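Both of the next two complexes hold subunit A, though its partner changes from subunit B to subunit C.
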Partner chain A sequence: MPKKYNIEVIPTPPRHTPIGKFEIERGADCINCGRCAIVCIYEVHKRQEEDLRSMAEPVVYRCKGCFSCIQECPRATLTIRDGTDYSRLGDSYWTPEIINTNWYQAETGKIPVSGAGYRGPFSGEGFDSMWTDMSEIVRPTRDGIHGREYISTVVEIGRKLPAIKFDSHGEIVSPIPSTINVPLPIIFDMLPFGRFENVYGAMAKAASYLDTFMIVDAREGFMGEGQKAKGKRQKARWEESHLIPYITQPTIHGFDVDWINACKMVELEYEEDVMGVVNEVKTLNPGTSISVRVPFGDNVAGIVEELTYAGIEVIHLYADLNGQTFGKSLIKNASQQTFRKSLLIKDMTQNVHRHLVDLKIRDDVTLIVSGGIAMAEHVAKAIICGADLTAIDLPLLFALECRYCKNCQEDLACPVELKDVNSEWGAQRMINLIGAWRNQLLEILGAMGLREVRRLRGEVGRAIFLENIEKETFDNVFAREVSHDANG
Partner chain B sequence: MAETVKTRIEELVGDEARVIDGDFERELYSMDIGEVPFAKRLFDTTPELVIMPKSVDALKKIVRFANDEKAALFPRGSASSGLGGVVPTVKGIVLDLSSMNKIVELNSEKETVKVQTGVRWSDLEDFLCPETLSLRAYPSSFFSSVGGWIATGGYGIGSYRFGHLKDQIESIDVMFPSGEVKAIESKEKEFARFFGTEGQFGIVLSAVLKLRKTPEKALPHLIYLESAEDAFVFITGLINAELKPNHIKYMDVSHLEEINTFLGEDLFRLKDAVLVEFEEEEEATKFCEFAEGRGILADDYLSNYLWHERLFPMKKRGNMPTPLACEMVIPIANAVSYLKAAEIFLKRCGVDVEVESHIVGKDHALLMLTYMSDVREPRTYLTHMSLIPVLTRLGLKFGGVPYGIGIWNTPFINDKYDTKTLELYRAYKKEVDPHNILNPNKFFAVKTKMANIPGIMFKPRIFRPLIRISATVIPILGKLASPKGDHKEESVLEKIVYSCIKCGSCAAVCPAYLVTNEESVTPKNKLYLAKKLLAGDAISKIDSDKIFLCTHCEMCRAVCQNDLDLVTAWTELEKLLESEFGAPEEAIRDFVSTMESSEDYWRFVYNAQKI
Partner chain C sequence: MPTVKKAPSRFPNEISEIEVTRDVSKCISCGTCAKVCPFGVHERKTGYNRVSKPLSYLCIGTSCEDKPFYCVNHCPREALSLGVSSEYRTIGDYRWTRDLIIGTWKQAETGIPLKGQRYEIGNSGGGFDRISFNFQDSEGRGEMGGEDMARTSHLTPHTSGAISTEIELNKREGKKLSIKVPFYGGGMSFGSVSLSVMLAKAKAARAWSTFTCTGEGGYPEALKEYDDNVITQVATGLFGVMEDTIQRVKIVEFKYAQGAKPGLGGHLLGDKVTVEVARMREAVEGSSLFSPFPFHSVYSVEDHKKHLDWIKELNPDAIVSVKVSTPTDVDMVAVGSYYAGANIIHLDGSYGGTGAAPDIAKKNIAMPIEYAIPKVHEFLKLEGLRDTMTIIASGGIRTAHDALKAIALGADGVVIGTVELVALGCVRCGNCESGRGCPRGIATTDPELSKAIDLEWGAQRLINLYAAWRSEIVDVLKRFGMKSIKELVGRYDCLIENHEITQD
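== the complex of A and B ==
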């Protein structure tokens, strides 16, 4: 048995009191009976450490609203209400729920719970309109997701051969393209804000621990932990690091040769004649994997097709922060009217994946998808839509307590002082977050009866799509109309 | 000797009883609610051992052992009487029966319940509540035990309608000093002997109480009347009118004045008043017609307030902390004359008295004369104390009998019982308790330390002339010795230690007491320790540690008859003890975890909201 990949989570309390979903007030006629502390499984209620006879103030941010304490309190002296600032967290995409559960996972490393029942949407836009199939739910529960049955989350970055040719002596004649193994289908993308050295330090430590990668903007000259002090880029250390330098406008500005020599993989901004640079890099360091960063936008499938035929092994498709594609696409609605609308990565990823499958070149390229990956389930859903792996950004900041208040974008003070984050602490919070995400991925895979995440790619049969259900349910109703039109 | 007795008893009963021999704890069992400073000089009030039997079997073994050894036994309920009925007189064993508190059997059809006598009336009512059954009459000290009320008075709330306690009990199980257990039915002639005889003949183990359907309503009405005379005329009229009140209670003007002071608002009129409670709408309407023109009906909310307060009768009055009371059962016809005579006498002594009376039958009233004194000023206090026998003696002239005997009313035993009854009782005592191990040296006759020389005073023939002397002397002394009232009381604790009247209501609702079963954790006894501490007496760490076994739940505060600010006091007391002994962290941890894993505790917590 190969050694199991395991993420060790260590509870890491927040530095600032997080904004809770609920507020709980302990009334004056509390008799310190301790019932609340017994029934609360989230450690909201506890006895005072210095005097066990009295109850401590409730740690309200941990409350999941399960109402146990409210129902069980013999004196009916506990009051629960919505947290005052909670609804103001984030925005319509990065909902308070998302931010809050990511905080929870970063603190505890545990799979989030929703308290009094799951009130999931089961409908809506983007990933919300997809439900993963859990019909084999018996499997992981047999002895848990970390049980005897090993579920692999390893993905390969690079080209995969459809077949291998041997010569008459049994020697392999096909050139085997080099691939990079990542133990989980999540890498760290560049941050939209909060690009402080200690934040990067935390990311680098976490990426290194997790054995995954982080993409850094080559212009920012980020170097691995401790290298800046030495003032010199040391090759040996660079190879150890888990960096993917991102080079913008390589055709105009060129690139730093050191980066190419040092890294296993580089990412180039997509330009029409990017292939020239790619060839240059390949000559410089044939071992380097090259990813081209292509925006989800008009004709993205065409660009991917073109790049794949040109021999690019990795394509990083990115949407905006909210998972919306750039530019507007032509859409036909049910009544055959066309209009322009920006799509979501769920649909665009499917389009690209389908296109490559139709061309029978899907395995020639690895697709990294990013933009709006906010929860563990988004990773699985993006993969079902056809991604090989995902890159995440904002959740990493949430791990560092970011409230997505956007103060920093207006030059206001950061309420959680991101700048002063201790990178050890930050790294552990990120590790906890990813640990929790991976466990959820394992649960999903286990429940589907899959034993490796690579099998999940494009497995649309393992998901239910709202639009398909709507079609199946309502098409009969509308079909008559359509056929009538046809006859007419 | 205590050591060996302890070992032998422990061998005998094993886990079935708890044997307590700590100095401070034994001291706690040396008193009841009466403050009698000279009690220790007359008697060995501190028992050698305290035993809490948990089963009849264990109790039997202990009783047999005591009988063989001729060791005195002092059974004890919640000690909320004040005449010394549970106070040890010689070195011996106190039997704390509070653990024998099982509700044995409820018969919903016959509407009876069999209970062990250690059960508290309040707990019993809580138990009956979901069955829509209720107690008939119950004592105004609602937190006291069933056994306690059997052994002492037997009159309380509802006695007008349901009569004396013995009329509400079908049968009792009694354990005699020989260890023999006997079931006695109410029709047997032996039955009545166990009521009001303060544990002289046997230990009442269990009783079958008659119940009734929970009344749908409580309709109290308060009527203001011009004088005590008017009030008793009104009451007599009410009785003759054959209305069916559940309870009738008279209160004098100073009682209502005290309540006003206590509430800080002039809610009640400053008049004498009668509180009548009905359970049937029809009867209440008839009553209102009856009362029309005879008195002034008070607002409903005032009547309801007083009705609710019936279970919290002992409010603090004035500046002085120690209440003294004289309780007598007196013919209604003579009540006013007696009250007038008593008032004249007390006025001469410079004492303000307050009167309450429960009408306990068609022609008898239980009169309670209460006045305040200060135990911190021994001379005044002793003078005030000696008023009680004078008042009792006065009551006898008006056909009254003392409500209880205990130690301090022994001189009146001949007045409570006629010669024939007393002779019968003496003979019965000899028959069932030949070695005189149950509550010796009280009730029938007092025998004190020092060859009983002080005890001679308690002999009725000597006592009467003494009273006559005091009746003349006290008015002079009383005026001279009026309390100075210049005690400096800085902290809440200092303010309230002397105000506790040890009624024990707090013990009934104390979760710490429930969990630990230790007398020393009850609020009243914590205040006793505080009193010692403040007086500069030595306290051991063991006793200090017990003080910390408290959840600061404030339940004691909620039921405190004197409305003492107990929880603040606990914080102060703990601070004092912490500076001297430190907080017992391990004991606290054990306490909290025992508490949280105790089923009884959770049952208690969920029931407690009803209080």
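== the complex of A and C ==
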């Protein structure tokens, strides 16, 4: 039996004081009785060390919002409110909850667990409009992360044959295309900001430990940890490299031939005559896998079809940071009016996947999907919608305590000093984050009774889509068909 | 019917919407406010010069403005003012809004149902929160066209006669069993909640002739006097399951899955496995207990039947309930359970409560109960089994209105859990799982913290809550012109979809 893939997580505390969900204020008429310190089990309230007669300022970031001190205070002089800094984190897509939960996972490497039921809206847009299925009794299921059965998260990047041909001696005659195995369906995408040497260093270390890949813009010249060593040694490092150089406008720009030669995979920006460059790279290094980076937008399914027929084995479909597609697509509403609207990767991935399935060429190409992958659940859901694997960006910065304040985009100082991050510390935080994400993926797979993530791809039967279930059940319930039999 | 007795909050400062502020720099302690306020917001205790801090939660709010006893108008120094409290703005979430939490507290205190949309639905924007009752009386909120009016014109309110809220739990052959209210208490194990919470639930269940459930953590000795109102749970971990516990009860519940963590076993994190909990579960103190998923002895309906036969062998009179989560094939599961011999199919929807579950599971796995109920109801009808199976729904039943909607969607009754804990003072902070457990002393077995809940007080709060729910249920049935809750089952025509509902 092959060695189990295991991500070792090591608790790695943040460098800065965390941002608390709540703020607590002690009023002027506090009598320093210390009741709050007794009832608080999170050590928010303490006496002042230098003067035990008075209470210290509350350590607000520890507050978990249980209201005990508020309700027990004999003078009713404590006030609680939602944390101002907390509620200002991120934006409407990258919500404070998403940022905070990624921080927690980067620190602890643990799956976020909590008590009480789900607290959020019934459903929402995109991935929030689908639920994953589970199997109840009859399908043998594994125990998720606590089980003894091994659930595989390996995905293969490259072309897969629908069937293998044998000759009369039983020898394989089909040429088997080479594939790259990645032990988990997550690779690191280019960062929207925070592109500092040490951040890249952390990403490269984490990618190497996890045995996954990181895409780097070739123009930025980051060639991994080995770039300073010259000569033969350098090439050896590259071959073990977990970098995927990304080449923009490859038909115009040149590229470092030595480097391309040494990489397992290269990503090219989509252009109409990209095939010329593809062939050039293939000639240079026939072993290289080539991915073409295509924006989700109008006619993306057509482009994917064309590239696949042309022989491209990997296509990286990307949306914007919030998982919205570029440009507006023509949509027809219920009353047959057409209008233009950005779509979300949940729907677009399904469209592309189905198109390829209809053409019977789905396994000719590997689809990497990125843009707005913010939580572990998005990985599973993107795969259900038809992706083979996903690429992530912002969550890696969250692992480094990024608050997504967007200060850096306005040339203001970074509150968590991203460019001073220690690469070792950063790498461990990213490893923790991915370890927690992977465990959550295992939980979902276990609940569905699946033993490998490859089987999840396009398994829409293992998902419940809001629009379908609403129609299926509530059309009947609220349908104006009358049924008066009381007890059915 | 059990007696409703006032059971006020155990905290000196109850959280409420309105905050009455007294500016102490202006107040001259004349005591006028204490004299005028009929609700006891202001009080000057005998022997004291100063008026006590206002008890804001007793205040009726801005509706007092035009009353002759409005303290703000009477104060000679204009030292008093009303405002929205900061606590009120902070508490609550989409599913359990601030008003649902505070409203539940009030009902548990007084036993009187609260009227108004904000006490009836949450703010989740879907499911129960987007369904309204299709009342046809003058107060009706339904907005319908002529066709709809014709469809429901037979629904005329009647006021005379007693209205029954009793439901049957066993519709198959064998011993009949019914409960007086269409709800019973959900499984919460010893370990996930304190013993006094379990006992308070059992006591309230006995008072109302309904049931409570042990959860999967064993059957504490102290629960034995409530045997006739206790459901013992057999879950995948089989913690504390013994022949004796199966033989002493009237209902045995098989927990295949839980709505909050479908496809995952129970979670009791190490910190909560105290000496007593470990002894009850025959486990090791301090070590996390993760139940397996699923029953590893059940991979088919035949295996399932074998389990049920085993129960019936031990306790031939037992009613067997099968608790499942809500996957896409939940309807098939329900039919399978029927053929295995179950009396009750208990559907636990995906937004249900829990002592600890991965967040990813709570939000994403399996479908909300609102979809599962009609799905199973319709399928059982098609199979001709609806009259022999009892459908019980849970997983996000927060109010009497949710319960009624679940029944109108096709359930016979509901199971409640979170709302009971809220009645006992839960603020839904969600920290039940870690460290010493619940900071409010409810979902904890910490010897210090669990003292916070007094058994008698807790039982009274639950009795009051049940009373409030029952009155509300009776009231709605009356408006529909029904004499029994059984008439409401599967009456889709009593519901309308309301796209307009938004709060805040």
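Assume the second predicted complex is superposed on the first by the 391 of 488 C-alpha atoms of A that agree within 3 Å, B and C clash if a C-alpha of one lies under 4 Å from a C-alpha of the other, contacts with A are read in each partner's own complex, and residues count from 1 in each chain.
Keep this in mind: contacts are C-beta pairs under 8 Å (C-beta built on N, C-alpha and C of every residue); 3 or more make two chains touch, one makes a residue touch a chain.
Predicted, not measured: the structure shown is a model, and the values here were computed from it.
S.K.: Once chain A of both complexes is superposed, is A:177 in touch with subunit B (first), subunit C (second), both, or neither?
M.R.: So A:177 meets neither subunit B nor subunit C here.
S.K.: Please work out whether A:101 is in contact with subunit B alone, subunit C alone, both, or neither, and reply first, second, both or neither.
M.R.: It touches subunit C, and subunit B stays clear.
S.K.: Which partner chains sit in contact with A:476 here, subunit B, subunit C, both or neither? Use first/second/both/neither.
M.R.: second
S.K.: Kindly classify A:74 by the partners it touches after superposition: subunit B alone (first), subunit C alone (second), both, or neither?
M.R.: A:74: touches subunit B and subunit C.
S.K.: Would you sort A:54 into first (subunit B), second (subunit C), both or neither based on which partner it touches?
M.R.: first
S.K.: For A:276 in the superposed arrangement: first (subunit B), second (subunit C), both or neither?
M.R.: neither
S.K.: Who wins on subunit A residues touched, subunit B or subunit C?
M.R.: The larger set of subunit A residues in touch belongs to C.
S.K.: Where does A:443 make contact in the superposed view: on subunit B (first), on subunit C (second), on both, or on neither?
M.R.: After superposing on A, A:443 lies in contact with subunit C but is clear of subunit B.
S.K.: Need the overlap of the two footprints on subunit A, from subunit B and from subunit C, as residue ranges.
M.R.: 29, 74-76
S.K.: What residues on subunit A touch subunit B, complex-wise?
M.R.: By the definition above, subunit A touches subunit B via 29, 31-35, 38, 47, 51-54, 74-76.
S.K.: Which positions of subunit C touch subunit A when the two form their complex?
M.R.: Listed in rising order, the residues of subunit C that touch subunit A are 9, 11-15, 24, 53, 86-87, 89-91, 93-96, 124-127, 129-130, 147-148, 151, 154, 256-257, 260, 262-265, 267, 269, 290, 292-295, 298-301, 304, 324-325, 327-330, 333, 336, 350-368, 370-371, 374-375, 377-378, 381, 386-387, 395-396, 409-410, 418, 426-433, 435-436, 438-440, 443, 449, 486-487, 489-493, 495-497.
S.K.: Given the complex with subunit C, which residues does subunit A contribute to the contact?
M.R.: The contact residues of subunit A facing subunit C are 22, 29, 39-42, 64-68, 70-76, 79-82, 101, 111-123, 131-141, 143-144, 146-147, 375-377, 380-381, 440, 443-444, 446-449, 461, 464, 469-470, 472-474, 476-478, 480, 482-484, 486-488.
S.K.: Spell out the residues on subunit B that touch subunit A in their complex, using ranges where they run on.
M.R.: 511, 548, 550-555, 583, 588-589, 591-592, 595-596, 601-602, 605-606, 608-609
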